[in-house]
Amino acid sequence: MKSPEEIFNFLKEKFGNSVIELKTDKPVDPYIIVDPIEVDKICLLLRDHSELQFDSLMNLSGIDDANGDKVKDENGLESIKGGTLSVYYNIESTSIKHKLTLRVSTNREKPEVVTVTEVWKSADWHEREAYDMYGIVFLNHPDLRRILMPYDWEFGYPLRKDYKNPEFYRGMKVPY
Amino acid sequence: MRDYIYNFWQGLFTILIGMKVTFKHLFVPAVTIQYPSVKPQLPERERNRLYVNMDDCIGCDQCARACPVNCIEIETVKSIPGEDLGTTSNGKKKALWVTTFNIDFAKCCYCQLCVFPCPTECIYMTDVYEFSEFKRESLVYDFVTILPEEREQKKKNFEEMQAKKEAEKAAAAKKAAEEKAAAQANKPAEPKPDNKEENKQ
Amino acid sequence: MALKTEEMVLNMGPQHPSTHGVLRLELQLDGEIITNVIPHIGYLHRCFEKHAEAMTYPQVIPYTDRMDYLASMGNEFGYVLGVEKLLNIQLPERVEYIRVIMAELQRIASHLVALGTYGADIGAFTPFLFCFRDREKILNLFEITCGARLLYNYIWIGGLSHDIHPDFIRLTKEFIKEFRPNVKELNDLLSYNRIFIERTANVGVLPLDTAINYGVSGPNLRASGMKWDLRKDDPYSVYHKFDYDIPVGKGEKGKTGDCWDRYYVRVLEMEESLKIIEQAIEQIPEGDVTSAIPKRVKPPEGQVYARVENPRGELGYFIISDGSLNPARVKVRAPSFVTMQVFPELCKGFMVADVVAILGSVDIVLGEIDR
Amino acid sequence: MMYDWLYNLTGSDILAMFIVSLLPLFVFILPFALLAVLAERKVSAHMQDRLGPMRVGYHGILQTVADIIKLLQKEDLVPHATDKTLFNFAPLLVFMGSYAAFAAIPFSGFFIGSKIDLGIIFIVGITGLVVAGILMAGWASNNKYSLLGAMRSAAQIISYEIPTLLIILTVIMLTGTLSLYDLSELQTAYFWNWLILGGPAVGLQKILLIPLMIMGCLIIYTSTLAEVNRTPFDIPEAESELVSGYHTEYSGMKFAMFFLAEYANMFAVSAIVAIIFFGGYQSPFGYLGNTLGWTWLVPIEQFFWFTAKGLFFVFVQMWLRWTLPRFRVDQLMAFCWKYLIPFSFVILLLVGLITLI
């Protein structure tokens, strides 16, 4: 049973600057901010290390931090420029029964995160959903396609804060 | 060879047990009821169609705000000081005319979130569940009790009252402006006291 | 010269009697044997997460009901636990007990649907009606308490919408007394039937390590032999006060983790839930259930991951609040979504009739997958 | 017999033959089919604690009439690009196959369609037509699922005819006659003379025969169940996989023809089992007619006993349908080839030995 601080220090000395910081100010569970390109190596270590054994990824969720600046282009369409999209990984160990939350942030224009499907197979569809909803591209993901929206939905990514519904999709009126 | 015979015997035996169960159920009385002739007896906390008792409704818009699918649409008009709108059952004086109160039962999800915040408990759920319609528009129920012309009339005389008030204010503002102009004419005499009185009115 | 055979692609769904909802399975067949299954989901996508961002915290509860519409109490319970952790409200004991009773009743009702439709998929139609006859009694219990039969909006943030009905306790005792022999009858009729065992034993075997790697949870994981139940391993609410054990698949009729084990674990779990309800009814304290409900729910900025043992597995809510009245993000980790990922692994090498058997045994609900 | 009586009455043998061949259809099969469809729904309902059809007529009696009127006025659509002639001819063939079997079945001492002396072989042969009809229907409706369903049901029926024939062989070896009429006559006077309890044999032979005959009856009952595509062998119409097998594309009167054929076949099959093992139209405990001396009453009693036994077996088929899950195709074949056929060979061998004692 290791507390997030111990894990953080352990990772800090293992990976140096790619493990950025441990955030404990916000309520409930603290999380570790990690560099998006190193995330699969860190997760591989988290899973295989004898004292950590994080063998199950509970949840992987994308989030639009909406911390960019609001820009109103020509016909009043409000869109957010700059700012970050981030991905939270909630992982746990079924044997040692301890939990951890990782956070990864990428910029909004070219969001790229390395996939963790090799580490935990359950990440496959979660990542496809994060791509479908936020447009976060997961590098060397087995088959990165849209999962919930229609496969040829080219009107942007629905869960972003500045998403506008299209008027028509293949001739069908997108309601209200 | 042994499990070959065991398979055959177990297969036969379990089928016979299963048949015993279903045969026993031939003589168990049926649990179903014949719906249109026999109506099910509903408990009293039943949640089906909403009903709004308009004399108690003070137009406070709490239910419309609490509704997750915003299927309640309310418009109110302030009453003229002179009018008397009667009081709600628990004695509160009503101040607003409710001119439109529509609930769209095609969108309503019957979650009862609107019933709890209502201060006068005038919106509650009845146990009527057979209210299907041929057209979707006819599922929008209009609960307002005053006649449509009266609603227009209420709006109109509220606008008149509004216009009258503007006219007075404009007149008062014009009068105040003239006084100020006159005061400036003899300003060198005593500038200070004037504007103190003006803003006192 | 080998006979030239080419693969036949058979589309099962989205309108197919046994896909438990709108799911399209693209089966690549070599004759009758399946080489690969590609599930296509998204037909029932109602953008729950986008709705949740536009609603205030209490208004999201009716939306959570509609995700796994067969176990709405469990969905509400998970969401409400998360928000209460953010607000760290102290709940009266009575609320905790009633929530446990309702969640366990909902587990039995949901398992009855799973077992009934599973029998109907394999061809035995009578157990389906027996299960639904018992489920109606549970729905009546829910109806007298909160007025609704399927989507309740009963568990609120900080309490409950109504207190339980005065004769709820008597009716629940009656239900438990009537229900126990029915479970035995269901076993005679279906569980030990030789043809049913023939159709389900050694079919769709889920090995334990793939299960953990794919993040499978709930009855499907327990059937593969792992004693993992959130009510015991990550206790929430007042589950630590009751004693009940966790049934685990032992591979009585075939390898552990096959369809029969997944079916039989659910039958045993119903028995355990009855035990919990009986103990909860005895120890239920007095108190007012609506005392701790806050007038305006405005949690501080932060994020929380709360999870609950739903009949289909571990249902998790990742709620991020930015201090305003509306949640900034509510991500739902649906158990059926994760189970559907492992489904192609289960089907390789089996026949078309087995796909129906395996799909029935993993017990997925499409409302939860597509959200 | 009925034929001679009619011949004296009408004078011309063509007219007599015509009436005799029409009698089973109008007097027996159509009313039976009407009754059986309603009985199936009522029996299944009460087995599942519900009421079944209650709305049309008192307790739903006229429900089948309503069904037939519905089927009659339904649009009889023929899907695009089907083989029209085969598509239309298939239901006829299936109905002919199952109706022709009634020619050789002795309904009572007085009435038998045609007293041919190889009755059983004729019946098993004629029901082979049903297989051809099903294949034709599956192929002609130009739909992937019905083709798969037709293939499966053809394979099933053919492979289940072997155990049926083997058991019939043992019975023929025991009794020496092929004609159903003689077989029924053989099992007269009280039920311990029925073939299931060893038939007309005496002493040690009879006691040795009893277990074998009971096993034989079980085997022939399950294999004829498979020939009629009833649960647990109804893979061709397995709702969950092949939507509804070979008659997916049929609607209206053609579908009613398939439906009628299935129920007629159901009764034909249970009649055969009743005749071979349970003494056809013989009453288990003597005839009221003989005791009271009214000899004309005996054939009517015999007809009553025959239909009672037939209906009991039809009830057992319905009973099985609502208790058992369905086999998978390969399990079904394995059950036939690995369990039924070896057992029937063993019975054939043992009965052969016993007849030598």
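Which chain is which? They are A, B, C and D, in the order written, and residues in each are numbered from 1.
We take it that a residue touches a chain if its C-beta (ideal position, glycine included) is under 8 Å from a C-beta of that chain, and two chains touch if they have at least 3 such contacts.
Source: prediction; values computed, not measured.
S.K.: So, comparing each chain's Cα centre against the centre of all protein Cα atoms, which one is closest?
M.R.: C
S.K.: Based on mean C-alpha positions, I'd like to know which chain lies farthest from chain A.
M.R.: Looking at centroid distances, D is the chain farthest away.
S.K.: Quick one: name the chains whose C-beta contact count is the highest of any pair.
M.R.: Here the largest contact count links A-C.
S.K.: Determine the centre-to-centre distance between chain C and chain D, using the mean Cα coordinates as centres, and give it in whole Å.
M.R.: Using C-alpha averages as centres, the distance is 45 Å.
S.K.: Would you mind pulling out the distance in Å between where the CA atoms of chain B average out and where those of chain C do?
M.R.: Whole-Å distance between the two chain centres: 34.
S.K.: Taking the mean of the CA coordinates per chain, how far is chain A from chain C in Å?
M.R.: Once rounded, the distance between the two centres reads 26 Å.
S.K.: Counting in whole Å, what is the centre-to-centre distance of chain B and chain D, each centre being its mean C-alpha position?
M.R.: 65
S.K.: Counting only residues that touch at least 2 other chains, which ones in chain B make the list?
M.R.: 7, 15, 18, 21-22, 25, 31
S.K.: On chain A, where are the residues touching two or more other chains?
M.R.: Expected reply: no residues.
S.K.: By the touch rule stated above, which residues of chain C touch at least two different other chains?
M.R.: If we look for residues of chain C contacting two or more partner chains, we find 126, 133, 189-190, 193, 195.
S.K.: Which word fits how the chains touch one another: line, ring, star, complete or other?
M.R.: Topology of touching chains reads as other, fitting no named class.
S.K.: Which two-chain combinations touch?
M.R.: A-C, B-C, B-D, C-D
S.K.: In their complex, what parts of chain D are in touch with chain C?
M.R.: Touching chain C: residues 44, 47-50, 144, 231-232, 234-235, 238-241, 243, 322-331 of chain D.
S.K.: Please name which positions on chain C make contact with chain D in the complex.
M.R.: 10, 17-18, 32, 119-126, 129-130, 133, 189-190, 193, 195-196, 198-199, 351-354, 356
S.K.: Where on chain C does chain B make contact in their complex?
M.R.: 55, 58-63, 65, 126, 133, 136, 143-148, 151, 153, 161-162, 165, 185, 188-190, 192-195
S.K.: Flag every residue of chain A that touches chain C in the complex, lowest number first.
M.R.: Against chain C, the touching part of chain A is residues 26-29, 31, 55-59, 61-64, 88, 90, 94, 97, 99, 101, 120-122, 124-125, 133, 146-150, 158-159.
S.K.: Which of the residues in chain C end up touching chain A in this complex?
M.R.: Chain C reaches chain A through residues 41-42, 45, 47, 49-50, 85-86, 88, 210, 212-215, 226, 228, 233-234, 299-305, 307, 314, 316, 318, 320, 328-329, 331, 333, 337-338, 340-342, 370-371.
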